[in-house]
Each structure stands twice: as structure tokens, then as C-alpha cells.
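Both of the next two complexes hold chain A, though its partner changes from chain B to chain C.
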Partner chain A sequence: MDATYIALAQMAVGGGLMGMAYALVAYGFQLTYAAGKAVNFGQGELVMLGAFAGISLAGTGLPYWVSVLGAMVAGAALGWLVERVAVRLALKQHNEGWILLTIIVGLFALSSVENIWGREDRAFPAPWPTGALDIFGISVTWPELAIAAGALGIMTLVELAKRYTMAGIAVQAVSADPEAAELCGVRSRSAISLSWAVSGAAAAFAGTVLGPVTTVGPTMAAALTLKAFSVAVVAGLDSGFGLLIAGIALGAAENLSGYVLGSGWREAPGLILLILALAIRPQGVFGKKIIRKV
Partner chain B sequence: MFARVSIGLRETTAERIVRIALFVGLAALPALWQGQYALGLLTLMAVYAILLIGLDATVGYLGQVNLAQAALFGLGAYGTALAVQAGVSFPLALLAGIIAALLPGAALALPALRLEGPQFALSTLSFATLSVIVLNESESITNGALGLSIVRPSLFTVELDARGYYWLCLLVLFVAWWVSQILLKSRFGLSIEALRDSPTAADALGIGTLRHKVLAFAWGSALAGLAGALHALNFGYLQPAAFGYDLMVMLLLGVVFGGRRSQWGAFVGAAVVAMLPNLLSNRTLFSSFVSFGCIVTLFPIFRALISRRIPQFAVTAPAAAMALALALSLFAPNVEEWRKGIFALFLFAAVVGLPDGLAGAIASMVHRLIRFTPDPLPPASGGIRSAGISVALPLHVMKLSKSFGGVRAVDNITLDIGQDEVLGLIGPNGSGKTTFINLVSGLYAPDSGTVEIAGTRPVPGSLMSACSAGAARTFQNLQSFSGLTALESIVVCQRDGGKSEAMGWLRAVGLEEKARQRCSEISYGDLRFLEIARAIATRPRILMLDEPAAGMSKPDIERLVALVASIKRAGLPILLIEHHQDVVAELCDRVAVMDGGRLIALGTSDQIRRDPKVIEAYLGSDDEEANVEGETEVQLC
Partner chain C sequence: MLNVENLHAGYSGDDAVRGISLQVAEGSCVALVGANGAGKSTLVKALCGLLIPRSGRVSFDGKEITGLPASEVARRGLCLCPEGRRVFGPLTVEENLLLGAYPRLPSFGPFRRAASSDLKHIYGMFSRLGERRLQQAGSLSGGEQQMLAIGRVLMAKPRFMVLDEPSMGLAPVVVKEVFEAIRTLHASGMTILLSEQFARIALAISDRAYIIERGSVVLEGPSKELAKNPGVMAAYLG
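Moving on, here comes the complex of A and B:
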């Protein structure tokens, strides 16, 4: 095979694996959107906070897995907090204030991170082997594989929990019709809180698997929110595993355009595709069409 | 409390006086507050005010979170800078700035404005990110991250110094404010507010959603470009990074803190945004400022505690945010490092605690203290009358069908309505009545079949086209324009005629007294009448009423029957969906019955009551019991 093609394929595979992390963060959007028709415009900041929490916990000498779990707990708590302070009131008033408020909470988180952990990028310590695997001439590193396995694992776990646990079924009931669920004795408020906590945990986990590949710093947040949001919207905010396809495609497109056009243009094609996708299919490529009711 | 003082002035006049005083004061300010630093701040404030008036068109009036304004500002600035480098004159450079923001803004508006809420916010955010990337990477044109330097050209042979330039910016702001106010108080502005509150009703009444949205966004973009141009000529040095996420957050702070849907709000917001970063550098001043804010937010908590209520989240959260800001201002090692965090806390307190912003809070305080003379209402003229004689049938529906998934909501319906006829459409819940109206009025496109309104075939699935063919409707669930007054709701729906005719429509439905009230303050029953007035104000050829009596009190129902009868006398045909059988019996010439999407009976009210199919639809197919009674009459619910 031609060397250029191998390089391109290498770029596509590496990007696609990164894209699975975007899909995981996007999955968090989907969870909260299903439960309460709102998403966190500061989700990228949650990913960043999760990564920094993981770094700090690992810094105290805790084993990797324990610090990942700790980061997820912190993420869950933060997710719950965002819903409580930024979303609940605005949704009760039926206005779009939650968009502003989640941006605001994210901004406060960003500023706190800058002051607590500093503005420098940091490496995330992980116990993976340093070498790379060679698959058909394309090298894949262990941290990249960890992203793919982690994203798939978390999404599968949550989907199973949604189907086979009482709490999961309650969340589904609330997402179908909050009032009807309340009449059947489901506390919709708790179900929505639970979705936000799980979404936060997923974001924090994404931070801990992304960290070893990219490094962790305050600049990662805004870009991640935008990417994950693009993935969620392009796939459709109600489409389960369509996210993975959209995530892999975005990650690959990003890497390829960075390689072909220059690193400054990395994000441009994804953004143009996003605007086009929104204009042509607002409900998402894999989403269901919404019927207006009056 | 205080007694309200009557000053014998109209509110608009008083506002104009205060505004002119403000501008005179601002123009004289450099004489008192001297120095380059002060002039720089004041110029920046004027530029931001223009920018925020533009942003308010989308965030306030359109009600959509627009995250592209900072980028459009940057594009305008770069447009001007490049034009100056090419050696054009001052006015042309300003024009170049406006165009550099207007064209991409319009290009974004067309696809983005079909979106709502989070999707719209996201597409503007993508656009903003993309713009900064383009500015950064097109190094051959913009000099990339290194930045671009320009020298301000002279304005028609006059070399402007800093003070002259400040006056120029102030003049531009004055004009932008004035034009914006006229524009947004006009029918155009009312249309924007109407479509924010109910896009479906706005389309169904022929106001037109997309066109107004695009125009509002374009107006906002043009102002962003103008502000950008002034900014570029002021600073003389541009860098892409200056127009990124941070500026966008500052602008949102300005609009929300100042107050949405008001040029005063934009001005107050601009003052805050321009002064705040400088406030942060003086620690004593800043902490006393925050302490003051903290005390203000504590008031509502005390008020709640005194009346022995548990303070609500909307009251405690701003106080908590301000307390946190105070703690930061006192204990943080370097306050400027916490700049974003402090902005975030202020914004949070403003969004939660001051939904109408600072300007809104001040306005409501002024209203509590001063009673203004209300604007005079024009005398009512006109009233219900037919739209003119037409040979064609008002409504001719042929073999209309529509399915949702596997459900045939409307199944092969053929139906005509004659001149001067009131046709009742009844049927059990879920029988497809509302879907039928939705098809006729163009909310849904039918799967098959045709609709003809007064001889013309509207484009299937277009509310606007059905409306211009002569269909008008009301909604089962109210779709009122809650931000508008009753009179404005009518004015925005009229195709011709002025305010006095609008008063005539209000008189026709008995709401003349409530002309000045906002729809959000009008009772449920009256809103139903207002919806009918809105519909007939479009001068339709067929009026469709979707359960007008639902939830109405007995006297209101009597009023409704009298109104529908008078519309009928005026010669306007009506399609009436109604569950109140007495209303149907009294008003309708013929009654059509739907069940399971099909038309099962059509005839006079008496014929329908004895029709076995209708009895089966309402009472179930238990033949034995129905036949025992011999003569069964259904009291259709």
C-alpha cells in the first residue's frame, strides 16, 4: 500500500478512537436531554474537572482505578449540582434561561480550575504499557484502546441499567411523560437528578481516559463541549448508539483535516458539517422527526 | 408604601427626555472626567452599547441564545481594518465593517434560524469558533495571531482626536438606539415578539416566522459590524483571540444584566461590561461594590423571613453567588485571576435574581413611584364584515388523508363548507378533528388529497400559504402572544388598517376595555376571545375554531355563542370543533361527525343525534342495549 494511504488510515483510526470519547460525553447530553429536555453547555468543564480530580487523587498515591472511581463520584456530584442550581428553576419557568445558566456555571468551574490547578497543561498518569499494537500496519496505542473500551463499557452499563433496574425504568418513564410518571408514584425530580449525576459521572470518566492521550488543561473544556454537542446533535438527541458512529466520524474527520489542511484547521470541517447537518436535519441523522402539536 | 406621583407626561415622552439628557450629559462628560484613560473607557462603552443593542435583537426580542455576536463584531472589525489597509475613505471603511459582519451573519441566519433553543445556540457557537479559526489561519490576509495594525483615516479632511472620535461614536450610538427603537416598536418588532411567544400562531396568522427571524438577525449582525468597525478605528490594532469565548461571555453578561428587550438595558449592560474589568483592578473599590451588591440581594431574603416564608431558590441563589463573590474579592490572592469566575457569579445572580435586568428593575421602580399619562387609544372603527363575495366554495376538501406511523389520523375525508354556513365538527376524543384542522390550515402536509380555500390551493404543509389563501384559525391549547398587549396582538395580525380598526376588532369580541393589558395578564376566557379577534382581523374567507368553549365559564359560553352568531350574520363561514352539544345545536347549520379518522355522518343536528353510527361511536357497539330503548338520543358530551 502507498505510504500516504497508510498515514491517512493511521490518522483516521487514531481520530476515530478519540471520537469515541466525544461520543461518551455526547451520551451524557443524551441522558439529561431525555430526562428533562436540557443539556449542560458546560459539560466540557465537567470533563476537565473529572480529569483534574483524577490527577489529584492519583497524586496522593491512590491506585489508578481508585482515582478513576473517585473522579466519577466527583463528576456525579457536580452533575447533580449543575441541575440543581442552573436547570431546575429555568425549566420550571419554561424558558431558555438554562442555556445561559449552564454556560455561567461552566465559566465559574473554568475559573476555579485555572486558580486551583493552574493554567498549564498536565500529563495524566496511567498504568498502560507504553508500546503500540500493530494492526494491519496501523499502530494503536494502549491509552487509545482504553478510550474505546471505556466508552463502550460505560455506555453498555448505563443502557443495561436503564432497562433492568427500577431506577432506570423510572427514568425512562419520566422522559416519556413526567406528569404521568409522577401520577404513578415516580419522583420525576429525583429521576432527573439521577440522570444528571450519571451524565456527570460519564463526563468525568471521559476526562480520565482522555487525559493520558491528550494532556489535561483549562483549554480543553470549551472545545470538548462543542465537539460532544456536535456529535449528539448530528446523531440526534434521542438516538442511542448512533452517537458512536457520529463520534468516530467526527474524530476521524478532525484528524484527517488537521493532517491535510494544517493543524490550525483541525476543527473547521467538523463545525461546517455540524451547521449543515443542523440545517438539513435538525432532528439529527439518526433522530426521529418531531411532530408539532397544537 | 409611597403614593404614586402623577406628572402629567406620557411614558414615551418622559423616556425621550431622559434619553436626550443622558446623551447631552455623556457628550459633556469629557470636560469633567479628563484624561485619555477616561475617554478610552467612554468610547469603549459607546461601542459596546451599539453591539449590545444588536445582540438584544436576537437574545431579547427573538428569545434565542445567540453566541455569535462576539465573532460578528470581530469580522466587522477585520473588514474595516482590511478596507483601511486598502486605502479607502472613512465612511467606506465603516460600510466595509458592516458588510463584513452582515453577509456571514445572513449566511448563518438562513439555516440556523430554522432551529430553536439549544440547537440554535449550538449553531451560533460553531459559527463563532469557526470565525476565530478562519481569522487565525488566513495568515496571508489577517496576519494571523500576530495581529493587524491600522492608522485611522481622516473623516472628510477632519483629523479626529480622541475626544472627537468619542463624540462620533456617541452620535452613532444615538442614531442606532433611535432607529432600533422605532424598528422594534413598529409592526416588524411586534411580529418578532409574536413569533417568539408562539411561532405556530405567528405562521398561522400570516405574520411569517422565518422572514422576520432572518431580518432581526441581520439587523443584529449589521450593528455588530458597525460596532466592530468603530472598534477597529478606535484601537488600531486587532487580534483574533480578542473576539473569542471571553468576549462572548462578557456580552451575554451585558445584555442579561442590563435587561433584555430594552435599549436602556443594552446601554446599562455596556456600561457594566466596559467598567467592570477596570473595577477589578482596584481592590477596595471592587470589594465595596460587591458588598453593596451583596446587601441588595439580602433584602428579598429578609422580606421573606419577616413574612415567615422559606425563601425561594430564586431569592437565596443570587445572595449566595454574591456572597461567594464577596469572599473572593476579600480573600483571593489575586482578584484579576478570578475575573471569569467573578463574571460568572455576577451573571448567575443577575439571571436568577433579576430576570428583567437592572434596567427592568429600575423601570418597574419608576412605575411604582410615578403615574404616567397613558397613550391615548384611537376610537374603534369597523367591525366584523365579510371579506367580499367569492363564487368558489369557502372550503372544499377532497379525499384528505394523513397517517402518523401506523395511525390513520385522518382517513379519506371529503367535505365542503358553503357560503354563510357554520359547520360543526364533532367526534370522540382522538377521532382526528384537530388533525383535520391542522391539515386544512397547513400545519401538516397531507399524505394524499387536496384542500381548496376560496378557490385557491395553498401549498401543502404551509401555514403561511393557507393563511394568505384565506384560512384563519384558533387553537385548542391557547397560543397567545404573551409579551404583547391585546391591541398589539391584533395590530400584528392585521393585513391592512390601522390601530383604530384594531380597536374595532377588539370591540367586536368585547375586549375594548382590555386593549392596553398584556396577554400574560388577561384571563383564560378573554384570551380565547382574543384569539378569535386575531383570526378575524386577518379578514379570512373561512374561520376555523378549535374547541373555543373548552374550559369557559357559563356566561362566557353565552358570550361566545352570541359572537359566533354575529360572525355568521356578517357572512363569514365557520368550521367549529366543539364538545358542548348545546353550542353545536344552537349555532351549526350542519354537523359532521368523525370517528377513528373517518367521517361517519353529516347532517343537521337532529339527524346526527339519531344516526346509529354516531350512537355507536359515542356509546360503543353494544347493540342490544341501544335497541331496547328504541328511540335512543345521544347527549353528545
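Moving on, here comes the complex of A and C:
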């Protein structure tokens, strides 16, 4: 009996730590939604691209940290690009075409990845010690801890920058009232571009910390978009703290259902969560906010 | 200083502004008077870049600014204090004021230090803003929000201030206070374009005025003369 509980707790903790990466990806949704009322439905592809970029950079012999930083720069550039080529076009015409356009850009990214890096899953090299820590009988590996520390670190850093730099305050002003921000001389398009770049960097970083745990392959992208989306739907797009809670809960639920019901059921909680949330809030994630704005 | 020629503008369907021309000389205070829906706000938005005019010309300081984005117009020193105040509710009073000075503050550097003397100046003018500088702007009263909106524009060190319906939704006592502040600004040499539906108070404070009806100028002249015109006062008693 005891052994079962410990195994369940072990599963919950491991999943919860993974779930913090989902929260980080969902946080990217939150950033772009706040500034420009749009999200990237190809965010999972950015996570995957970030991971592959990190692997390739590390493959050239660059130190781990430099590779991670390089992956983030690539992610920022791609995030910026998605907004420029897909989202801005549709919003200019005042329609919801950005949803489809970001999916298309994501698919394009996916096939590029398959062409450049191939379809096989790869290991992400990380300098963490191989052993596990024992915390009250539950073992926690270093790569899992890196996910938690990285997700918390990035989110904290961005939140601090939003409060304590003028650029961050300007982005907040654009989320609150883009016209009034323009009247202050804030170029709202630049503020939106900035938030897409930060969102892309966060996604790429998530790829570099997830990689050592899950391995990296083209199949990770769609699953991650969906999971992050479930987390964002459940937590709402206002609070970073809510995202963390929802992310941890989803990660834990995935691991537990995989353990109890069988590995085929791992993906079920995310989907069930998404369906439930959409059923309870039929206006969808964004409905309320858009109505409030207009 | 500001020269508008035959401006047409509107949102959808018919033009709300139908061929308005007006001039504002440096250092003067000019009022736009007209009923609700006469087209004053549309005109003001088209001047400041929030709305792209359908035709006509706007020039500021001899340079054409027609159709420039609002952020560029603001950076040239033509700053709008918008209708309904539009303060950033979730941000603090001080953050709102800092945003007014955004173009000249460092994006990632020590911006509070760079703005401290300007902030002190605004808090000297509007002491209640100083008392509430760390409160959320959304929690202020209507009058305080109007002071904040004016303070935010002043932080930009504008050369030309456009005020759109500053009296809207305020109690009479507060309206008096707001206009006292506008009068002081004008006395200190600020060029002002004031859009206001209460004719009496707008004509009392301005040098010249344009009476606007259904998107066109129907009368213009020195405010003192317009205030004596019985037709104007009958139509826009307020």
C-alpha cells in the first residue's frame, strides 16, 4: 500500500515539474494576448524549433548556456516574425484570420524541421548530473529541477521587466488602452512586436529545458501547443500564478493517468480539461475579454 | 501653428466632419463649441492621428502631419488629452505620468531618475496626484482622473495641447477646478485647442472659437463676440 502511494506521489511530482514547462509556454500566450489580443497557435512549433536550435548549437561545441541563449535569440526572432508575417496582416483587416495563419506558419515550421533535422527524436545534451535527489522518499532528477527553476526564472524575470523598465510599462499601457498609449508617443506596434519576441524566446527556452527530459522530435510540437492552450484556457490569460498552478496540475494529472490507466491515457487529461473549460465557458478563452474591450 | 484645410473625416458611412478649416495661432486658446454629435471629437481624432482623414490637410508648425500615426503626432509636440480621460486604470498614477514622458525616457535605463523633476512639477500643480501617486489610476475619482490625464499630457512637454471634452461626466465644482487649471496653462503660454459642449465656459476661457454644427463650421470669431451673440447662447446654453 505504502509503495503504491509513494509511486503515485512520485508520478505527481515528476509530472508537476514537467507541467511548469507547459505553464511557461502558456505564459507566452498570455504575453502576446495582453499586448495584441492574439496568440500563436504554432507556439509548440517554436518550442520544438528552440530545442532543435539548441541541439545544433551545442553540436558545434558551444557551451550549454551559450546554446540555450542562442536558442532563445532564435525563438525571439521567430516569434517576432510570426507576428509580422501572419498576425499583423489579419488584424489590419479586422478579422480572425490570424488563427489560421499562425497554424499555417507552424505547419511550415514543422516541415522545415523535418527537412533539416529529420523525423527521429533526439537527445538534448545537458550538463546536469545524472543522479537523482531524494526528497522525502521521492526522487527528483536534475533535468526536472532545471525545468522548474527555468520556468520560474523566466516568468519572474519578465514580470520584473514589465514593472521596472519603461519598455515594460509601455507594453502594459498598450494592453490597457492602445490608443491612449499611442497618444503618449508609444508605438503600439513595437510594443506588440516586443511581446511576441519575448513570447518566442520563452517558448524556445521551454524547448531547451524540456529536451533533456522528453527528447526532441517533430511530434512534440502539436502536443505542446494543445497542452499549453489547455493550461491557458483553465487559468485565464491574466495571471502568471494561475498558469503555474494549472500547468503543475495538468502535468501531474497526465503522469497519474498514464500510470493508473495505462500510457495511452497520458494525453487524456489535457483534452478533457480543454473540453470541460470550453463547455463551462462557452464564449471561449478570449470571449469575455473581447466583449469587455469593445 | 496648427492649420486645418477642408478636412473630411468619419468612421463609417457619411462623413462626420464635412470640410472643416481652422487655424490656431501659437500661444492662443481656441475653442470648438458644438452639441454632442456635432463632429468635434471626430475632428480632434483626425487632427491627432487616431483617425485617418478621408481628405483635406492638417499641418503643424508648417509641416504636413495628415494621416501620421498618433504616436508620431504626439512626438512632434501636438498632444491630445482624450475624451473620457483614458487613463491607464491598472497602472499607478505615477506610471501614468511617466508614460506621458515616454519618448524621452530610457526604455531600459533608470527612467524614474530621468523624470523626477518633471514629476515633482506635476505634483506641485496637482497635489492630490502626489498624494495618490502609488494608487491605481482606475481607483481615482473622475476629477482626479481628469487631472491625471492633463498631467500625463504635460509630462510630454507639449507645444500644443488638445483637450477633448474635459468637463465630461464631472461635477460642476470639479469642472470649475479643471478649467481653472486650463486657464493657468494658457496664461503660462501654452497653445490650446479646447473641444467643449458647454459654450459658456468654453467661450469664457478661449480667445477665439469655432461653432460646429453637423460637421461644419457655422460661425467663427473672437470668443467675446460670440458670447454676446444671442443666437449662439440660445443654441448652446451651458
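The rule is simple: the second predicted complex is superposed on the first by the 279 of 294 C-alpha atoms of A that agree within 3 Å, B and C clash if a C-alpha of one lies under 4 Å from a C-alpha of the other, contacts with A are read in each partner's own complex, and residues count from 1 in each chain.
We adopt the following convention: a residue touches a chain if its C-beta (ideal position, glycine included) is under 8 Å from a C-beta of that chain, and two chains touch if they have at least 3 such contacts.
Small disclaimer: the values here were computed from a predicted structure and weren't measured.
Asker: Check whether A:10 is in contact with chain B, with chain C, with both or with neither, and answer first, second, both or neither.
Answerer: It touches nothing on chain B or chain C.
Asker: So, A:108: does it touch chain B (first), chain C (second), both, or neither?
Answerer: In the superposition, A:108 touches chain B alone.
Asker: Name the contact category of A:215: first (chain B only), second (chain C only), both, or neither.
Answerer: A:215 sits against neither chain B nor chain C.
Asker: Just chain B (first), just chain C (second), both, or neither: which does A:85 touch?
Answerer: It touches chain B, and chain C stays clear.
Asker: With both complexes overlaid on chain A, does A:56 touch chain B (first), chain C (second), both or neither?
Answerer: neither
Asker: What does chain A use to touch chain B in their complex?
Answerer: 38-39, 41, 85, 88-89, 96-97, 99-101, 103-105, 107-108, 110-112, 114-115, 222, 226, 229-230, 233, 262, 264-265, 267-268, 271-272, 274-276, 278-279, 282, 291-292, 294
Asker: Using the touch rule from the top, collect the residues of chain B that touch chain A in their complex.
Answerer: Contact set of chain B toward chain A: 63-65, 108, 110-112, 114-115, 117-119, 121-123, 125-127, 129-130, 133-134, 136-137, 200, 245, 249, 252, 256, 313-314, 317, 332, 337-345, 347-348, 351-352, 355, 404, 434, 438, 443-444, 475-477, 479, 546.
Asker: For the complex, which residues does chain A have touching chain C?
Answerer: My answer: residues 165-167, 169-170, 172-173, 176-177, 179-188.
Asker: Within the complex, which stretch of chain C touches chain A?
Answerer: It is residues 48-50, 69-71, 74-75, 79-80, 82, 86-91, 95, 98-100, 102-103, 105-109, 111, 152, 156 of chain C that touch chain A.
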